[in-house]
Amino acid sequence: MEGLLKELIEQCRPDTQNGKVANYIPALAKADPSALGVYILDRNGLHSQGGESQVRFTIQSIIKPILLLQALMDNGEDFVRSRVGVESTGKPFDAINIADAVNQEILSEHINPMVNMGAIVMCTLIKGENYRDRFNRVLELTRTLANNPEIDVDEEVYLSEKATGNKNRALAFLMCSCGLLDGDVEEVLDCYFRACSIRVDCRDLARIAFILSNKGRDFLGRELFPAKYARYVNAVMLTCGMYDGAGDFALTVGVPAKSGVGGGIMAVVPGRMGIGIYSPSLNKKGNSIAGLRILRRLSRQLELSIF
Amino acid sequence: MEGLLKELIEQCRPDTQNGKVANYIPALAKADPSALGVYILDRNGLHSQGGESQVRFTIQSIIKPILLLQALMDNGEDFVRSRVGVESTGKPFDAINIADAVNQEILSEHINPMVNMGAIVMCTLIKGENYRDRFNRVLELTRTLANNPEIDVDEEVYLSEKATGNKNRALAFLMCSCGLLDGDVEEVLDCYFRACSIRVDCRDLARIAFILSNKGRDFLGRELFPAKYARYVNAVMLTCGMYDGAGDFALTVGVPAKSGVGGGIMAVVPGRMGIGIYSPSLNKKGNSIAGLRILRRLSRQLELSIF
Amino acid sequence: MEGLLKELIEQCRPDTQNGKVANYIPALAKADPSALGVYILDRNGLHSQGGESQVRFTIQSIIKPILLLQALMDNGEDFVRSRVGVESTGKPFDAINIADAVNQEILSEHINPMVNMGAIVMCTLIKGENYRDRFNRVLELTRTLANNPEIDVDEEVYLSEKATGNKNRALAFLMCSCGLLDGDVEEVLDCYFRACSIRVDCRDLARIAFILSNKGRDFLGRELFPAKYARYVNAVMLTCGMYDGAGDFALTVGVPAKSGVGGGIMAVVPGRMGIGIYSPSLNKKGNSIAGLRILRRLSRQLELSIF
Amino acid sequence: MEGLLKELIEQCRPDTQNGKVANYIPALAKADPSALGVYILDRNGLHSQGGESQVRFTIQSIIKPILLLQALMDNGEDFVRSRVGVESTGKPFDAINIADAVNQEILSEHINPMVNMGAIVMCTLIKGENYRDRFNRVLELTRTLANNPEIDVDEEVYLSEKATGNKNRALAFLMCSCGLLDGDVEEVLDCYFRACSIRVDCRDLARIAFILSNKGRDFLGRELFPAKYARYVNAVMLTCGMYDGAGDFALTVGVPAKSGVGGGIMAVVPGRMGIGIYSPSLNKKGNSIAGLRILRRLSRQLELSIF
C-alpha cells in the first residue's frame, strides 16, 4: 500500500500548481503550496502513509461533521434534525440560504450541518455551561476520536478568523432575526472560530474517519457513539460535504468526505477504512486540488466507491 | 422475506391516507390511493413480492436514470458530464435553475440529470435519426433492462402530459436561449413526454434496479452496460434522485433511488438487490408516502444503508 | 432651439463610439452606429429637429407604453392593473420575474408593462377577433398618435425576431403554466414580435410623446384618450421605463421615457413637450448611449425635470 | 382647504381598521390605531391641518431622505452616487440585496438610499468626529428643515430598536464583508437606530417636505441646500420611497413621498406644497393605510400628480 501511495503522490503532486493556498487570512497563506500527504487506516489495523502526512494544519470545515456528531450525541437525531435540515443547498458553503423571517420550520430545511449556517447552529445545540465549555467538549471529542490528546488550537488562525469573520457574523445575526439561532452571537461565533482552528495532521483525520467508517467503534470494538450517528454523519457528508462539488465527488470518488480550506480532506470508506489527506493548494470551490486527484485515483485502484 | 413484506405492507398501508394522488392530469388522478406494492430481487436470484405489485403505472421521473444511462451509453461519461452537471440544485424538480445566457459551461453546472431541465437535455444527447427513433431506443433499453418486451406507453397519460406541459416548454425554450439545448423544442419534448408515460410494474422496476446494483450485469453475468455507468447513475440518484428530499432519504434509507409522481420508487442496493415500489399517494415533495415509509423500515430491518 | 440641438448633437455624437449597435439579429446590426437624431414638439406647436431625425428604425420596446395604452383603452385601469403589476422588478427587461405557480394575484405583482413578460400579457388584453386583428389595432393606434398613416412594419426585423425569440417563448410558456397568460403562445408572440418591428422616426416618437405629455389630447385639443391613462402610462414609464437604469434616468433627466434596442428613446415632459431621439449605439443596459447624454443636457438646459 | 381635509379625514378614518399598528417593538404597539392627521404647507404660505396632526411619533424610515440629503451636502452627488445606487430593488425594504463579495461597484448598484442597506451606508458617509457626532448633525438638519428646535429622540423606541435590530446587524455585517461598509458596525447602527427614533409631528414633516418641494429654499427664499440635491432626493423617493409599493403610489398619487412604520408619510409636491401625514395603522407593505387613501384623494381633488 505504501508503494501505491508513493506512486500516487508522485503523480498528483504537480496538480498542486494548479490551485491556490487560501489567503483570506495571513496565517493560512503561509502554507507550503506543494505539500501533499496521505494517511490510511484500514479495518485490519494496517497503517499506510506517504508524503507530508505529518504536517499539522487547521481542521477548518472538517470540524463540521464533528460538531454534528457532538450535537447528535447531546440531543439525539430527532432534535438535531428538527433544527437543521439535511438537504444540499445548491450554493457555496458560506451562502445566505435563508431570506426573511417566515416560518422557522421551513427555514431550517434550507440549511444543513455542512454549510456555515448549519455548523454555527450546531454550536448552540452542543451542551455546556457556556461557550468556552462547549468548545472544550468539541476539542475533547476530537482528541478522543483521533486518540491524540495533544490536538490543540492554532491561536494565530483563531484570532485571524475572529477578526475577519464578518460574513459569518452576518449569517449568525440573520439566523437570530429568523429565530433559528439563540444566544449571544459573538460567543457562539467564538466557539465556532476556535473549533475551526483546531490543529490536526493526516493521521488524526484518518483515525476520526476510521471510527465513522466502523459504525462508531474503535479497533478494540469499543463503541464511542451509536452506529446510527455514524450513518447520519456519513450520509450528510456524502450529499453535502464537498462544498458545491459534492455531486462530482460522489461520482468520481464515491465515499463520504469533508474538506477544509486549510487543505485537509477526511474520507470515510464505510466498513473498510479511514483516510486523511493534506494538500493546501485549493481549487475554486475551496477543495484541495491534489487531494481530490489522489482520492479519485485511490478510489479507482482500490474500488472504494459505495455505488 | 415475503412474510416480512406482508407485515411491512400492513404497517405502512395506513400512511397512504396522509398523501394525495397526483391530479395535474386526469389520467393520474384515477389511481387507487390505497394501493401499495413491493417487489424485491436479490443477488441470489430470490424474488419476493407483496401487495399490489402487479399494478401497472407510468414510470414518470423514474425514466430519468434510464435517459441518463442511454445518454452515457451513446456518448460516454465525459461528454455527458460536460453538457449537464451533477450537483444537487437545492430546488424543486421543475424549478428554473438557470437565468440568463452568460456562459454555457457555468450554466450547465446548475442542472443535473434528475431534474426536468437535465432530463430534457438527455433526450437531445441520445442518438437517433429523429426524436421518434430516440424515444424508441429509450423504450427498447427499458424493456431490455426489465427483461420485459411488453412494456408500452400509456397513450392517455402521454397526450395529457403533452397538452399540459407548458412549464416544461418554458424550461426547454429557456435552455434554447442559453445554448444548452439544440433541436426542435416540440419534438424534444414529445420524446420526453412519451418516455415519462412508459408503463411499468414493481417487478420491472426491481429488475432495472437489480442491473444497476450489479454493475451493469444481469443474473447470467452478461454485461448490459459498463460498471462505470452504473456508478454514475447510482451516484447521481443518491445525491439528486429523491427530488428535494434526497438528503433525508440518504439519511433514513441510505441507498440510491428515484421516485416518480406516478407513485413508483426504484431503489438500488449496490451489490445486493433491486427494489420496485408502487403507491400513488404522494407527500408534498412528490414522493410516494407509503413507499418512503416501507423503504425506511426495510432499510432498518435488512441494514441496507450504504453509510 | 434648433441652434441648441445642433450644438448638443455636436457635443454628444462622440459618445456614440462608446457603445454598440444591437447585433442579436442581423437587421439591427446594419444600423449606422454614429447616427444621432432629435425631434422636439412643444405645447406651443414649435417643431425643432437636429441630426439624423429622419432615419427610420424599429420601435422595439418603445411599443410597450403603446401596448399598455391600448390595453387601458380596451379594458380600463382596474382590469389592467389587476392583471399586471406596476412595481419595478429590479431586474433586466427580459428577466424571469416569476417562478412557480403559487398564486396568480401575487405573481402578477412581480411583472410590469415595461418588461417583456408584462408587455406580452398586454397583447392578450387588447381586444380583437384574433391576434392579427389585435396587432392591426396597435399599428392603427401608433399611426393615429403619430399622425402618420405611413408607419409600417420592418418585415426583415419581424422575421428575425420571430426566429430568434426563444427567451420570449420561455417567458410566455412560463406565464401560461402560472395562469398569467391565456391563448396560443405562438400567436400572442407573433403579435408581440410584429409590434416591436413597427418602423418609426424621431418625429413619430415626438408626436406620440406629445399626446402623452398633453393629457391625451392633440394640438387641436381633441381627446385621443382620457387624461388618467396618460398619467398611468407616464408613471409606469418613469418608474420602470428605462430598463434597469430607470432610477438613474429619473435622477439625471427626470421625465417619463422609454427606450428601445433599435436606438430610439421617447421622452414625455408633462405639460410641456414630447421628444423623440434616435441613436442606435447602446450601453450595457440596452439604452442609447448618446441619446441618454443628449437628454441629460437638454434636461439641465431647459429645466425639464419634474422633481 | 381645511374643510376639504376635514371631509377627507372623515371618509378615510374607517380605513384605519383595515391595517395593523407595527408591533415588532412594544413602544410602537402602543399607538392609537384610529389616529389620522394631516398637515399641508403650500407655496403661498398657507397652513392647513386636520385630525390628529399634533401627535408626535417616531420618524422611522422617513429619516432616509434626510440621511441621503446630509450625505449629499457632505460629499456631493458623484461620491454618494458611486457608493450607493439609485435603482429600485424590487424587494422589501429590509431585504438582502447583495449576496457575495464579487465587485463593490456592481454590488453598490443593487442597493439604494431608501432601503435599509443603503440608509445604513449613508450614516457612514455623513461627516463627523464619531458616530454620536454624525447623529447629532442629522438631528440638527432635521430640526433646521422643520424649523423646530424641539425635535428630539424617543429613547424607549431607540433602545427597543437597538435591542431587536438583528436583521439590520446582519445587513451591516454582510456589507462589511463585501467592502460596502467601513467602520464599527455597532456604532454605525447606533447612529441609524437613533436617527430612526427621532420624534416628529405632521407639521414637522410638512415643513421638511416643503423645502424639498421648493428647490431647497425656505419661505424667505434662503437656500438651505442646492436645488440639485432636492431633485436627487425627490427622484429617489419617487422611484424607491414607498417600499415595494412605489409604482402603485406613483400611479395613484404621483408625487415623491416616503413612509415610515411609525405611521408617518412625507409627501413632496414639486413647486407646490409639502404634506405630512400620520396614521399608524399599516398595510402589509408597511405603509400607512389611511395615509395612502387620503393622499390618493387629495391628489385627485387637487391634481397633484406630476405625470
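We just call them A, B, C and D in the order they show up, numbering each chain from 1.
Operating definition for what follows: contacts are C-beta pairs under 8 Å (C-beta built on N, C-alpha and C of every residue); 3 or more make two chains touch, one makes a residue touch a chain.
In this text, all values refer to a predicted model and were calculated from it rather than measured experimentally.
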Chain-touch separation of subunit B and subunit D, in steps, is 2
Comparing A-D with A-B, the busier interface by C-beta pairs is A-B
When centres are defined as mean Cα positions, the distance from subunit A to subunit D in whole Å is 47
Taking each chain's centre as the mean of its CA atoms, subunit A sits from subunit B at a distance in Å of 32
Residues in subunit B with touches to at least two other chains are numbered none
Note: in the complex, subunit B contacts subunit A through residues 81, 85-91, 110, 112, 230-232, 234-236, 238-240, 244-248, 250-251, 254, 256, 270, 305-307
Interface with subunit C, subunit B side, in the complex: residues 92, 94-96, 99-101, 166-167, 169-174, 176-177, 185
